[in-house]
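Going in written order, the chains are labelled A, B and C, and every chain counts its residues from 1.
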Amino acid sequence: MKAFEFINVKYDRGLTVILDKGLPLRYFEDYLNLCGDYIDYIKFGWGTVATIDRDIIKEKIRLSKEFNIKAYPGGTLFEYCYINNKFEDYLNECKDLGFETLEISDGSINLSLEERKDIIEKVREEFEVLTEVGKKDPSKDRVLSVDERIRIIKEDLNAGAKYVIIEGRESGKNIGLYDKNGNVKEDELNLIVKNVDIKNLIFEAPLKSQQVSFIKKFGSSVNLGNIPYEDVISLETLRRGLRGDTFNILNQNQ
Amino acid sequence: MKAFEFINVKYDRGLTVILDKGLPLRYFEDYLNLCGDYIDYIKFGWGTVATIDRDIIKEKIRLSKEFNIKAYPGGTLFEYCYINNKFEDYLNECKDLGFETLEISDGSINLSLEERKDIIEKVREEFEVLTEVGKKDPSKDRVLSVDERIRIIKEDLNAGAKYVIIEGRESGKNIGLYDKNGNVKEDELNLIVKNVDIKNLIFEAPLKSQQVSFIKKFGSSVNLGNIPYEDVISLETLRRGLRGDTFNILNQNQ
Amino acid sequence: MKAFEFINVKYDRGLTVILDKGLPLRYFEDYLNLCGDYIDYIKFGWGTVATIDRDIIKEKIRLSKEFNIKAYPGGTLFEYCYINNKFEDYLNECKDLGFETLEISDGSINLSLEERKDIIEKVREEFEVLTEVGKKDPSKDRVLSVDERIRIIKEDLNAGAKYVIIEGRESGKNIGLYDKNGNVKEDELNLIVKNVDIKNLIFEAPLKSQQVSFIKKFGSSVNLGNIPYEDVISLETLRRGLRGDTFNILNQNQ
């Protein structure tokens, strides 16, 4: 039972995807006991899993499942294996470790729409597929137009992706929908949600100001990703109007 | 026994209030074993406690007491319950959980001075009362004059508040005594301490530069709040002149 | 066995020195089980050890040794004891606690080259010696010319220092080789590495952008210090080309 249970807020919570860039095992368990109820996906960022003991990764995946959380490795690891002709090895190792969700992306490599579609269709035979749209290098990301992004999102969903993630990186600045100060480019965001059902999108929003901005615009049901692990409880309070930043927006009796 | 005990610094330590925005239970215990000696209050930030299991909150309060630390929920939770006509429920749940200190504030709601006084007087029948002065929204906080702040502080102390906290939020920027870069507005600060005994004030100072600034100005005995949990040891070294930033101010033989 | 072992990256890993500003004991153990393989030195920052229980420090040093990691106290503690005429006490306590490496610096005090040499020669009788070049106060650090830095580095190495650390502080901004935005001053860096074998240097690089910058310039074998403890795994992926920032530099088949 939660504390202050008499506060009975009705709200529709969107997905919360956290970024784990290497939490120790016992801490991870302790952490899930605190806030595992509010996490839907845990991304083991970029290629981090390839530097960690198999036993630790397996146990973290197992613990995640106890909380109905889906863990998956960052897309960069897929990209690394794919261009090094280790795609089959990649899929087998993911299965062995216990992953049931994978992320497909081309943040550091180049994939044609055709190739991307083939990969998604192959992966979805055995895994739930998330995809990500955007480039890791800001100078390359900048030349990807909104129209192209929308086209990739639509193709990915058609090919069977469960959700498409909009790149924000760990920093949330000068990338994807964010300008160099981390402010949301509203025009581009509006174009995307006009063309794609927002229920199929996960917006990477590592900064609190970004989380607030999305909740103000779309409500508590917006799907947010790349949440720093320490900010899960904070995000939950933002979704419920229990923090100053959203207090007066979400509490209508004010 | 502490390491390097022969370093026998004489100093008068002010209060240290940390911000806990959701530390896992076993980590919390481990953490207090390391630095619990240097913490006076632990604030469970804004409405975070309302998202966490009762058992975990109760145990964290119990552990805090073992270290003579007073835990209390952030003022936003009080505000939330108060405007939703759950003030009695709030007080009862706080008592049940083991809280002995509460924070009264109007960072997101509006309270007249009269109403504020009545609340403080009611709460202090069963709890130690801290109050906070300032608004969460920078645009509203900006129009609160220093004179008004001083008046509220004085009224709160008269009504029985043990300490009054000067708002700094988690960010320490563009709020209360801080400009948009987090620098202290010296004129406003000077006016406040000229009118109120500094022993009754706790300055929220989340950034190291702010902690250094207060220690340089007022010495190690200044009361500081909203200290990130990971910076308690750092703050302790700043208070003792064991870090570069205060080394030459506090070591007079230099 | 690490996960995704079939990724068999050949690379020459430089030293990684992390900054521990007060990790709790059980967390510390948990943390080393995750990423202890990638850490060479752990610096207990500035004077932090003097605020912590002897038993905890001893146990952290013992655990570090199990992972072949050398722990040492920050140079500021040496400076503090030295100018307070407690140098012998300092050395004895370090030995008792189990330290086998020490850092000699004059970030907050002034040492002549002669005095510095004498100290290094004395300390190296019983400890491995690291030294640090730079001042903690940006206004003092700014007037230390590159030529003077190079001269100190050479003298320290001649006197028996194992490595010389180039100051970057916790912030990585407006100090040593970094401008106020944390960008590397390339001219100064080039001058240093032209005059000193880079194998003898450890560059403090707390920000990811700085780590990327050094790896791009010198390769994975560059020695990096003041790495935030949470970024060890990230740094390891940067060294291997498993993160977007170095992916295309280190993966030549791209």
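Everything below uses one rule, namely that contacts are C-beta pairs under 8 Å (C-beta built on N, C-alpha and C of every residue); 3 or more make two chains touch, one makes a residue touch a chain.
The chain lineup, named per UniProt: A, B, C = Phosphosulfolactate synthase.
Everything numeric in this text was worked out from a predicted model, so none of it was measured.
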{"item": "Same vs different contact residues, subunit A (Phosphosulfolactate synthase) with subunit C (Phosphosulfolactate synthase), by half of numbers used", "value": "different"}
{"item": "Cα superposition of subunit A (Phosphosulfolactate synthase) on its sequence copy subunit B (Phosphosulfolactate synthase) - rotation in ° rounded to nearest 5", "value": "120"}
{"item": "Separation of mean Cα positions, subunit C (Phosphosulfolactate synthase) and subunit A (Phosphosulfolactate synthase) [Å, integer]", "value": "34"}
{"item": "Junction residues of subunit B (Phosphosulfolactate synthase), two or more chains touched", "value": "26-27"}
{"item": "Subunit C (Phosphosulfolactate synthase) to subunit A (Phosphosulfolactate synthase) touching residues, read off their complex", "value": "1-7, 26-27, 30-31, 33-35, 38, 230-234, 236-237, 240-245, 247-248, 251, 253-254"}
{"item": "Parts of subunit A (Phosphosulfolactate synthase) lying in touch with subunit C (Phosphosulfolactate synthase), wherever the complex brings them together", "value": "21-27, 45-54, 56-57, 76-77, 79-81, 83-84, 86, 89-90, 93, 97, 107-109, 136-137, 169"}
